[in-house]
Each structure stands twice: as structure tokens, then as C-alpha cells.
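Structures for review follow.
Each of the next two complexes has chain A plus one other chain: chain B in the first, chain C in the second.
Right after this comes the complex of A and B.
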């Protein structure tokens, strides 16, 4: 094979990978505008009736509201926790630090279904299951490590003397935190907020187990699918996908802007 | 005699098993420009960090303006530090960096801005006030760091090798900026460096440190002409050090027998005892070099090994019969008709009063 052919071959391969990943989503989007009830080709006519259907469904609104509250609160809690953990790692040395870090980064490696079951068992034991904040609690546990990882990367790039420079110029420990560490980490903090919100917004397994009657959007999608074939799923799926993608893209853009965000 | 500002009294600093500062006693006067110099790991930066409150002495006390500073956290001191890495805040522009100390002290926005701009102007970088510090050159960043430290009008400024990252020609420029500022402001500068030229060029007094101890304190001239011990003599460089045994000693003259001959030294203090092992130095620029044997009290012949030409000055490296190395520094135009071919025999000589007996212990 000539180098040129190999080059084109590899490009084709990459294109195929992307097709494989995104085709189902694209099809789901296309079918969300299709008038036929069954997802078949040839397509029927263009319609927005499935969007109208979910728009007019109070249950969907309720689920969206729950999802937004859950992902918003999760993002704030998980980022605060992740920041604190990352700063502890940056600032202090102590015995068993590596064990501490391993423990902190553990939650995402636990199979979701095990985590969900454990959360349900634990939360019902302490009488805290079936509430909106049960989901928030469980999602915070799941997503805090992502926030920690993102913020830790940023702190590792920091000139170690700038915090001491702030103290030297009259800033107390809190003053340095507020005026130097947090502003320095701002891009990473915004990024962590978006990422944890996106993960929480998409998460199904844990939400399904601990949500009780407070359905989030992914839980609602499952319930629609379980009932019968209903193209509303495509419309709702498109909405979830676009929301998550927007958050992830914002996170990436903010992180890649090296200089950080000017206040 | 001006009042003392900083008193370092019996200070010891240990980090676990490692002793960074073994014993330090030093008084620094108001308005003095003092340089602390030494090889890396000698404890000079630790001393500076203790002055700033970033480390606490293990033993002893540090007083600034008469107040004991042990246990006082850095933000409650007025001891701004110019960092080796500069440690500018990358998310703030030049003016905001300079304003930082004022902001922490609760000055209102208008006052902060006025003072910051004044200082940037004073250091000739007023036009870069609104620029992100990452877009400034090394010299400009240096000036921002200086302005940031001086804007709160401290009595004491600490500097930790601030010029080490700059190009040679900028170093000279910044040296004159620093000495001029220090004189105009009349505040005390404590300048830590490993560079002899920086310390000698700027400081009123130089402190040489070695392994956590002060090896010598004095003016640049004292340090250079009358090193207290072997460590200082070697650290300053451009010195020839000879060791031997005292064979005769009067109040005026001490004769010392070395492997390359017997030499006469005039002791500044009490004469050493006969039979004592001593060392003395003879600065490279106080040695006369000729192609004819010299008829002075101290002379010997050597073989030329190499020469180092730095503009108006030339350093010649020679070797005595037993392999002892000699350095001789002469004005290029004073070389005259000397035949500087490697391997040539040349004759060295110096007067007894230009040799200096090393009396102190090396720490």
C-alpha cells in the first residue's frame, strides 16, 4: 500500500468510528421529526408534533425540572467537594496520602448498578431514599472525583510561590484562597461545574433506583420506552443529548483557553 | 550610626534531620543594602524566608523594628519579597498585580489605582499597566514585581535572586535601578544571591554564608581583600591560596615555608606561633608578573598554562614546579612585551603586605 493510500485509509477509518458513534443519535434526531410512529425508511413527512407532545406533557416538565435541580445542585456540591479535595492534595503532605487519593477517585470505577443498589440500600436504611436530594447526594458522590481531577490538573500547573506571594503581600489564608487560588482555578472550576452537571443530567441507573416518584428525564425516557413504541422518546432524547453536549463543549472550551477567564 | 532594623539573634532552622541554618547572628541597619551570598544550600534563602515569616526559626529570635517576629504569620508582617520566579498573578494585569497588596490592606479602588500607576510610572512601565503580565518581557515583569512589593511603602524589602532569570545586559540595568531606588527610598534591602558581581556591585555590606553559618560579614572590599577564612577566599575566587608551616615569626613578619618556597606575610593580628600550620592568600591582581626573575621578598617562577582574555583584563593561569596553580590578573595594556606562549617560564612576585593571612576557621 502506498503511503498516500494508507493515509486515506486511516482517515476513512476515523470517519467510520465517528459514524458508528454518532449514527444512532443522528437517526434518533431525524426520527424525532418524522411523522410516522414507527422508525422505518422511507420516512414520512416532516413534523414537530412529537416535540409539541412533550412540550404539552406536564410529566415531562416535571421531570425536566427535577433533572435541572438535581444536576444544578450536584454540580455545585461536587465541584465544591472536588475543589477542596484537589486543594488538600496540592497543599498538604500527610501519611496515607496515596490511600486518600485512591479512595477519593474510587466512585467512578464502581459499576453503576452496584453503586445504585448500594445507594438505595443505604439511603433507605437512613430513611433518605425517594427524595430529590437523595439523587443529589448519590450524584455528588459519583461526580465529585471528576471535578477533583479537573481542578487538580490546574493546580498542578500553578507556580507554587504565588500563594505564598499573596500571604507575603498581606493576604490571610482565606484572603489568598479567595483572591488567588480560586481566580487561578476559575477555568477549571467552570469546566468542573459543566462536566458534573452533564454527568448528573445523563445519569440513569442511580437516579432510577433512588428517585422514587421524583423522575429525572432519563428515568422518564425508560418509562416511555417500556410502555410502547413512542417517537416522543426521540424528541426527548435529542433534548437530553443537546443539553449534555452543550455542557461538555463549554467545559472543553473553557479548559482549553489557557489564560483563563478575565473577571 | 543608624538604628538597627532587623536583629537575627541566635537563629537555628532545622527541617527534620536537615539543618538549614546552624547558627545565625546578624544585625541589619535601617536603610542598609545587605547582600547574603553563598553557594546553593548554604541557608541564605531559608534566612530570607524566615524574615518573611514563611518559615519559623527552630531556635533563636528574629526582631524587626524591635518587635519579636517569631510566630507572626507572613500576612501580618510588612516584609514584601521579590521572588526568584517573580510569582506574578497570571490572571491579573500589571496594574492589578501591583494593587494586590493595597487591596489586602483595605485601600479603596481609586487610591489603589493611583498608587499602582504611580509606581509603574516610576519604574518606566506605565504604558504596560493594562497588559496581561504573560505578555510582558522578562525585564518588564521584573519591574512589575518590584512595583508590587514597593507599593505598600515597606521599611524592609526582601529580594530572592531576583535577577537570576535575566539576560546579562538587563542584569546590569536592573542593578542600577535597584541601587537608585534603594538610595531614594532609604529603606532596607536584604538581597539574596549566589552572584558575587551582583552582591559586590550593589550591597553596602555582604554576608557570606556556608553550610548554615555566616563565614564572613563585611564590605565588598573587606571580603575581597581580607577574606576571613579559606572558604571565603575560595568562594570569592581570583585568589591564590598557599598553605605551609610557620618557620619564623616576629610582630612584623611571619615566614611561612610552603612546598613552593618560603614567603613572608605581615600578620594583621597577633603573630602565629612557630611550627603552626597556616594558609595565606594573595589576590590575583596583586601579583606582579615578569619574564625576568624578581628580586622581592616573595617570588617564584612558574610555567604559563593558559590565559583568559576579558576585554581590558587578562587572567593568566600558571603552574609552579610542584603543580600548585597560580592565577594572575593584569591589565591587558600592562602585559607589554611578555611572551605569552603556553609553556613559557614566567616569574611572579608580590610584596609582603599584599598577602593576607587566613586566621579564621572555615565554618
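Right after this comes the complex of A and C.
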């Protein structure tokens, strides 16, 4: 095989990988407008009845509200904690620092179902399960590492002498934080807010276990798909896809454009 | 870099502690606490649907004595291993092409696009596969139109692996691409100049140089597959159930939290062992060849 043919082969292969990854998203969106109950091809006629069905369902509205509260609060808490940790790692050395970092970064490597069971048991024990804020507590643990990573990468690009210069010019530590560090990290903070909101908005295992009657949208989807094939899932799914994709795209673009300006 | 200024590590002031302490408190309350409590719970008893704090081996004896537990264990281990092998092999040519055969711009866009699905509802994507792979689903409808009989893809290992890959493939491609893009190009060029054929260059130069990153990618793939319940449940048919499904069944329908905790602790122990082995392997220096 000539190198040229090989290169085209590899490009075709990359395309196939992308088809595999994006096919379920695209099909879900297409079938959300399909009139047939069982989604297959050839397609039935165009319809918006599944969207009307979810639009008119008060349970869906309740779930959307719960989801927005959970992902909004999680994003703020996780980003605040992530920022504090990233700054600590950037600025200080101390004993047991690697244990400290492991403590912060490990949660996403624990299978969600295990975290779900552990959270359910623990929160029941301390009398904090079955509430909307139970989900928020658990999601904050899960998402803070993502916020920490994004903000830490941003701090990596910052010249350490900038903060020192602010001190030398008379700024207090708090003043330098407010006027130097935070503004510098702003794109990363926005990015972290979006990313943690997206992860929380999509998470279903922990939310399913600890939420009690306060269903989030993914938990509602989980309960619908345990029954029969129901095309409402595609409509709800499209809404979830668009929400989290928008958040992840913003999270990435905010970081990229700022890097471009600096370079 | 900054940290090194404080090499003698002075006593942290209030300012330093304000940034350092919150996450420690938070993680002990809502991360370490729950996990430790879960381990303790595996020794509790359940009487009349109420959990009694105790220290008994009953749940462990019960679970370890049941064949269905071991069936689930070996199945889960095998499926996660299979998923890791298949995903690593499927991802590699794509990562290789992205790292060596495309421009910087294409690579950046590809990674941008791969990060999006990783954070996008895995549950709905798996459900979408259900309708694509079904007996009367999209793929079989296409095959039917060219006269091929429907293939059963749901409730098979194939279905499960497709589901796992929905979760893991984007991440593995991204991690592999980073690992491959970071190796020293001069060494690859040297091998080529010395007449090493392309396949041998890949196997004896590129793969060993990128070993750490490739193993870490495979490890993440294993952890995610091992802990996932959606793919084996909806696409794999759940007969027998995998360990995560066993946790759900035992917790939700059986109300047997302590027994579910046994399963979870066994899963954790397995994952820690495998992670430790993988990391040792990833960072081991090569014996001089």
C-alpha cells in the first residue's frame, strides 16, 4: 500500500470512529421527530407530538426544575472548592500534599454505582438522604476535580511573579487574590462552571439512589426506559443532549479563545 | 514552581488555610465518610427490613457462598477485560492517525469534538443504541433492504461491548492521542532512517515510548466498563447480571444494603488491585533489550 493510500485509509478510519461516537446522538435527535412508536427506518412522518407530550407533562417540568437547581448549585459549589484547591496546589507546598491531591482528585475514578450506594447509606445514616440537596452534596464531590483541573491548568500559564509583584506594590494577600488571581482565572472559572454543570446535569446513578422523590431529568429517563420503548425518551434526550453539549462547548471555547488572545 | 519558594514550609496563615481546608472537610464528610461507612455496612445485619449496626461476617459468607455471585464476578471481569482490549485496539489506529498523520488544527478539532460526547448523557446514547441494534432497528432495516436476514445484536456480549465503547471510546482516543503526540519524534525518525519498517517502528519504538499513556487510557477504560450498569442491562440482557446490576437489584428490590455493600467492596478491591498492577506496569523501566 502506498503511503498516500494508507493516509486516506486512516482518515476514513477516523471518520468511522466519529460516526460510531456520534451516531446515537444523531439518531436520537432524528427519531424524536418521527411519528412511529418504534424508531426504525424508513421513517414515518414528521411530528412534534413527543415534544408536545413532554411539554404538557407536569412531571417533566418538575424534573427539569430539580435538574436546573441541582446542576446550578453543584456548579457553584464545585467550582468554588475546585478553585480553592487549584490555588492551594499552585501556591503552597506542605506535608502530605500528594495525599491532599489524591483526596481531591480520586472521586471520578470510583465507579458511580459504588459512590451511589455509599452516598445513599451515609446520607441516610446522617439523615440527609432523599432531598434535593443530597444530590448536590454528592455531585459536588464528583465534579470538583474537573473544576480543579481546569483552573489548575490556567494557573499553570500564570507567571508566579505577577502575584508577588502585587504584594510588593502593597496589595494584601486578599487584595492580590481579588484583583490579580481571580481576574486571571476568569475564563477557567466560567469553563469550570459549565463543565461541572454539564456533568451534574447528566449524572443519573447517584441521583437515582439519593434523590428519593426528587427526580432529575436523567433519573426520569432511566425510569421511562425501564418500561417499554417510549419515543418521549428521544425528545427528552434531545433536550438533555443540547443542554450538556452547549455547556461543554462553552467550557471549551472560553478556554481556547483566551489562550489565543494571550499568544 | 511557586511552591518551591516555601521550601521550609512555614506555618500556614489564615489566608492559606481558607483555601486549603474547605475541600479537606468536604471530602472527609462526603467522600471518605461514605466509602468507609459502606465498608462498615458490609458487616451490618438486616432484621425485619431494618438495618442493625453490628459486626458479623454473615453477609460475606452468604455472598461468597452463592454461585450467582461468582458468575457475576467472572462475567464482569471478563466483559471489562474484553472491553479494554477491543476499545484499545479500535482506538489505536485513530489515535495514531490523529497524532502523526493529521495537522495540528485537525487534531485540535478532533479532540474538541471527542470531549463533547464524553460529557454528554451516556444513558440516552445507550438507549439510542438499543433502537439502532434492535431486531427491527436501523441496522437490521438497512441489512433487510439488501436482502440480509436480521442479526441479533441486543442481549449479546456484542451489544454490551458497543455500550461500553459508547462510554469509553472518546476518552481512550483522547488519552492515546495525547500519549502518542508527546513522544520524541526524532526517535521515530531515527528508526525509519535506519531502515526499520513501519509496522516494526510502531510496535518496537512508538508503542513502548507511549506506554505509560496507553496503559493509563486502558486502565480508565477498564474502570469505566467494570463499573457501568447501563450497557450490560439494556444492551447485554443482564443474564447473568454484572456486579453493578447486582448492587442495584440487591439495594433497590431486596433492601439488602449490607449485601450490596459486600459486592461494592469486592469491586473496589478488584479495581485497586488492577489499578496498582497497571500503574506499576506503566511506570516500569524497560529491561535493557
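Simple rule for what comes next: the second predicted complex is superposed on the first by the 258 of 263 C-alpha atoms of A that agree within 3 Å, B and C clash if a C-alpha of one lies under 4 Å from a C-alpha of the other, contacts with A are read in each partner's own complex, and residues count from 1 in each chain.
Keep this in mind: a contact is a pair of C-beta atoms (placed from the backbone, for glycine too) under 8 Å apart; a residue touches a chain by one contact, two chains touch by 3 or more.
Owing to the predicted nature of the structure, the values given are computational and were not obtained by experimental measurement.
By the touch criterion defined above, A:186 lies against chain B but remains apart from chain C after alignment on the C-alpha atoms of chain A.
Look at A:248: by the touch rule set out above, it reaches chain C but stays clear of chain B. Judged by the touch definition given at the top, the superposed model places A:4 against neither chain B nor chain C. Set against each other, chain B and chain C touch different numbers of residues in chain A, with C touching more. In the superposed model, A:209 makes contact with chain C only, not with chain B. Judged by the touch definition given at the top, the superposed model places A:166 against chain B, while chain C stays out of reach.
Once the two complexes are overlaid on chain A, none of the chain A residues touched by chain B in the first is touched by chain C in the second. Partner chain A is touched in their complex by these residues of chain C: 1-4, 6-7, 9, 12, 15-16, 18-20, 22-24, 26-27, 30-35, 37-38, 41, 90-91, 93-94, 96-98, 101-102, 110, 112-117, 119-132, 134, 136-138, 141-142, 165-166, 169-170, 173, 220, 223-224, 226-229, 234, 244, 247-248, 251, 257, 260-261, 264, 267-268, 271, 275. Interface of chain A with chain B (complex): residues 159, 161-162, 164-172, 175, 179-180, 183-184, 186, 259-260, 262-263.
Residues of chain A that touch chain C in their complex: 7, 10-11, 13-14, 17-18, 20-25, 27-28, 31, 38-42, 80-81, 84-85, 87-95, 100, 103-104, 106-107, 109-115, 117-123, 125, 137-138, 140-141, 144, 160, 173-174, 195, 198-199, 202, 204-205, 209, 218, 221-222, 225, 229, 233-234, 236-237, 240-241, 244-245, 247-249, 252, 256.
Interface residues of chain B facing chain A in the complex, by the touch rule stated above, are 52-54, 73-75, 79-81, 83-85, 87-92, 100-101, 103-105, 132, 134, 148-149, 152.
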